[in-house]
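In the two assemblies presented below, subunit A is common to both, partnered first by subunit B and then by subunit C.
Entry: the complex of A and B
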């Protein structure tokens, strides 16, 4: 069940049964001076799961957008089941039996599941017959593939995992034989991801062809039959999954050897740097987001907060970072209580207390995208006397010198302090934020999703910086939805669910399954459950 | 206050609510598809002028209606071109249309008719006639039911009945047809429509065209039904009131009917009771005239609960990866 790495092109007389479900030949696409796809050829046999892996900006999404009719390739040909096919728009892709599940779902939030499914695939001018038919088909698909969703539920009331099922159902309802999934597990809990993989296995068993785009090596190893690696718009290689390993794939992605495990020594915790007691936050809508959080972080340790996004982790970071006020509770920094409810609770006062914050959403909270690198790198610390020329003016020259030093130390590319933040890649944007916060030598570092949308090479670098800060005797609070990242980086793991801490575990004494149950709010999980998915590969 | 007075006020409410309702439904189609339309006012005004001018010149109100609709559609297409094709700012495009209509109508009117920016008064077949419903005369003397039937329901121009019928029709189109499903989807999540292989641009143009037709009828009604001819700025902010009614109605057809009847009712009260003598002091006519507008401000200031507009409203659709 593996795609041949190199095989002769199918002759026109070749029977349909052996023709590849998808064959791309010499696809090229450029946006202005940027060559997003360069002479890409790929063959995917029917009834297989084919992975496409690569760093951000490697051209995976562009390639799939061409296949789904969003972009027109500058050169190259597409064959579906051995027939040359033109795909000028999404309608044509659907007609060719291609369905796509986007990373960001394309659903109408205040429509029901049924309405979303029939949208664009209605039977006639009136809705009633379409909805009736869809209801029947849905029932059948649910039984066949474990794709259960309430057809009358509104999308906005569904969990992310269920919303994704609706996307898959949409494709199947349009009788897609080829399913493309773009980073499908990024938003799922481990249990939901397992369920998704079961669905994909069922689909493969029914003869569907699946293309899985991901940057998670573990998923590639777990479910695909063959895998193509992309780097800088080019197809590096296509290999059969059974004949490769994560290290080799990572090397092909990045072009050099990458350390997949975080290399760190056991923690050596010191005095209590951050103590949180009974922290509560009620938001403007009256919803209690944090329901009495209690945590302690010592010098020289990394406390990782695991959880499905939206369970209060963001609010925890925002309160500690001074972005929103707490409703009640106490926070002590090195034994001294700080104001978290009143008017002195802001980002500036936190920095004065030695709390640095790498926010979750770097594009909105960490950076001003239209500003230059040197402006972004001083935000929050621009009052520093060393950046003042005199009483009224700032010393921009000193700022730029400081920036250039940071650019060099953090290997930020392009190494130009006049480049606007929006023109850096995700990884380099994150490096700018991390450089700004870490270089001030804080006592406590708050880090939210440090490697979201960051390529594998930069992940390695950022992880090293965080560990180095810990080794320098600082306290670090790490919030991430990537369980792998939490497992490999943390010295202690606390799991959040519904605004509460469900429990604390040591990484060595737990596994993904146990954490996954805690993340889903199940507290009476038997410890030492089956050690499924114990690999510590992240990325 | 006797029954006849009440019936007369309600009768007047119906007449005054008609242009609001048509414009409100016009805005509903446009905004449900994600195109904000502040240019309802301008489209109505243009339609009012061209329908009155055409009716005055040809003597046919039906030709006038067609000319009004045509002029309104033309402005709609302009709005569509600016905000759908060229992805411009929908508010600015709408404001531009309002200015354009306010200036051009008076200018052309002066050039054509030389009556100080008006059209000649319409007479005879140049206006929509009142339709007397069957048996209206026969039942008029029946107590209660008689006046309600003969005064309130009977004796309106055809456009009043058209506007009332447009409410269930709009509801049916929006919620029972394929076109309606897609139209609502394109105002909420155009990317979902696009990836489903349906043209976002096509749907939005269709919505804008429907908006043009309804605004055209509303304008024609103003000049050839409610009044007899065009005068400068005769829409008097009705386009904006219709927008307020649309928000009040939470972008739903039946609520739109109720909201427009409420605004029409306030206008009818203002027309009937010029000065209200409370004994201690007299509420001047200006206060009464200002009532619908005050209500508009109150509604727009959000005192009427949370109204959630279509999520993709006001934003041009740009395909992303």
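Entry: the complex of A and C
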């Protein structure tokens, strides 16, 4: 039995003056044999923003689900404003003044903002009085906190940033004093994220308590007062934000020193490996997702596509990977045009041309979650003769050998080729996909969100693999919503907005502000980087 | 990290489900004033107590193996083929046509031809729903059910208007010739000195069914096609990523499924009736769904489940014959078995899983002390 890590107690004057808004004592929760939370204690003082940071699967979401009444803790106590509180369900959480903003919004898309806010908090059988009251409250909240949303707009017509505001308004309308936000900036542009932080600052100023769950160190440093680090279900430490730095937090999260910057030499671009011209995609609903994309990637360089998700990056990857047909346009691989519109444009034809693809969604695309690791290692390459024992049967023995070799080289854990894909952690699942695709030694590698939901330790490893492939003279197309990742990994950055390329920049000559503007579709951003770009390409 | 060892999932869960179904059935039998112990004894002796009983049990089981495999293959592609009944009906038509069309010199040649034709007819009957699903998105559950009705009506028409011998008042085809009579177990086992009931209908089709089990296992777990079928069945979006053509896999999986269901006809039409009659399938297509569910879509599980249902069929018939337990109640007992082993599977699995986890944790805690 190890002694539980105790949170540093707040300064004596503080604790005497006020009780903590939230205090968790010795919370434990396990799912079957997996212990998701182990003896966790936190105190969050009122009027502060408290960050909870940790890798995927560290138990952050479980802890918050316990606080919001979705799960019942196996052991431990919850105190709200100094009073011991039982939270058996979310109704009780709301009654205790807790509001939650989920990563995936829980809004009715074809309801108006007002209707969504009242939903579940109606007073009486008739809607009109509740709506009228809500309209008044909403106006007041909007003024107080910069939470402006048109109350009569339909949710489906709102941008993601505005939808998030509706979620916050929902919580405030239910008189929440404690607000929990789960990865709130994952879907926002940098400008929207800035606005969100202003709102959070306003809320803090009004005495609200905010818990921010995130895996982004920058956000923790920017806005929180104190931060708790979780690792493998345990609370590693709680520190005040002003007394720490990103490197230290990363080390606490992973348990060892981590390189936060990508270590790479300048690119040495060669011949044109992938040329895209006038690429258009109209989806089944008749919406034009790609509006004439033109890009060139050379051997030995990484082209990063920045953009808020949903602006056509997924479609770009899917067309290039053969998952969906293009409507028109040309794509040349090493100078030879490939079929992108026809019947025979599929994943198999792409692989035959030396295009490998680490898809954005490894759980629904890159892997069959119920398959063993060894069954996943040939996924997409199952026609390769080296995996066939004879004309009829597959060579499962060869597959398992191949898997074991990859497990060894990529340090995949647990090192067992009989483990089902779903039972690996996110990082190890991604390693399986990356191992499979990179070991094919492709000419062109398409990579979508390579580190989404991947722990920091594995991020470092995956980035290294991508850079190594670049150094081997291959062309890499990287799509990521993490601007940090794009900035640090790319040799060139193209920004996508609304199915178009808004511009190309060199990482050295641009900054987050400029990229953020381009991501939001503002084209009159300073174009000082353009000449430099021309120079590098021709020089 | 698996929550329960595989053997418990594969063996313990169905056994407990079966036990629950048996207990409930016993209560029902007590409720109508009969003795459940005597009923079980009668069922066991009737179905398994003699080679005659075994002959019937295995005959039914052969039907269920084919239809169970049919459901399982489609299910691996995530397609719920409810149309085994119709496909088996069409398979019967194929067998009757080929058996009556040519003067067969020997049963073995006729059997090979019948295997080909029954599978072909069954597969073709599955092709249309498969195509509609793959190309038009018409749900295969709906279309295969409808095709059952169409098959029944078609058989009715063909028997009355086309295949009925002149002068016959029976809506059935002419009797097949002696030459296409395939050996029963009695005839097969007699040369090696085993006395098997002469009257029981179990026949050489059983061996074909066992071969089919093996081939399906090979297909699903050892071939590239099976790999693609399983991948498509588990995740259509991932299949798309890998370049597996969904239309192709849907159609192929349904062709194989329909072919297997059609194959049942070599047992009931060629092996037993030796002519084509109305309602020849007797619901075996539907029992196949329960068999596949209980057998976890694995050929070996399907074999065991098919024998169990064969036992219930034959034992149930004996009950109806010798006790005052009405025929309908036997259907109730069969339904209870299906309900518990198929639909209420999680009712047993989840508590059992919890029990295992608790047991493991307490034993792990004990060892660390």
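Descriptive notes on the structure:
Going forward, the second predicted complex is superposed on the first by the 509 of 539 C-alpha atoms of A that agree within 3 Å, B and C clash if a C-alpha of one lies under 4 Å from a C-alpha of the other, contacts with A are read in each partner's own complex, and residues count from 1 in each chain.
Just so we're on the same page, a residue touches a chain if its C-beta (ideal position, glycine included) is under 8 Å from a C-beta of that chain, and two chains touch if they have at least 3 such contacts.
Computed from a prediction, not measured in an experiment: that's the story for all the values here.
Following the overlay on subunit A, a side-by-side fit with no clash is recorded for the pair subunit B and subunit C.
Look at A:191: by the touch rule set out above, it reaches neither subunit B nor subunit C.
Judged by the touch definition given at the top, the superposed model places A:154 against neither subunit B nor subunit C.
In the superposed model, A:398 lies in contact with neither subunit B nor subunit C. Residue contacts after overlaying the shared chain place A:137 against neither subunit B nor subunit C. Of the two partner chains placed by superposition, only subunit B is touched by A:62; subunit C is not.
With both structures placed on the common chain, the touch criterion links A:375 to subunit C but leaves subunit B unconnected. Of all C-alpha pairs linking subunit B and subunit C after the chain A fit, the shortest spans 8 Å. Shared interface residues of subunit A (contacting subunit B in one complex, subunit C in the other): none.
Residue ranges of subunit C in contact with subunit A, taken from their complex: 1-3, 218, 222-224, 227-228, 230-231, 234-235, 237-238, 240-245, 353, 357, 360-361.
Within the complex formed with subunit A, the subunit B residues making contact are 175-182, 184-185, 188-189, 191-198, 311, 319, 321. Across the interface of their complex, subunit C is touched by residues 32-34, 321-323, 346-351, 357, 359, 361, 364-371, 375, 379-380, 382-383, 388, 392-394, 396, 423 of subunit A.
Listed in rising order, the residues of subunit A touching subunit B in the complex are 61-62, 65, 68, 70, 89-94, 100, 102, 106-111, 115-116, 118-122, 124-128, 130, 170.
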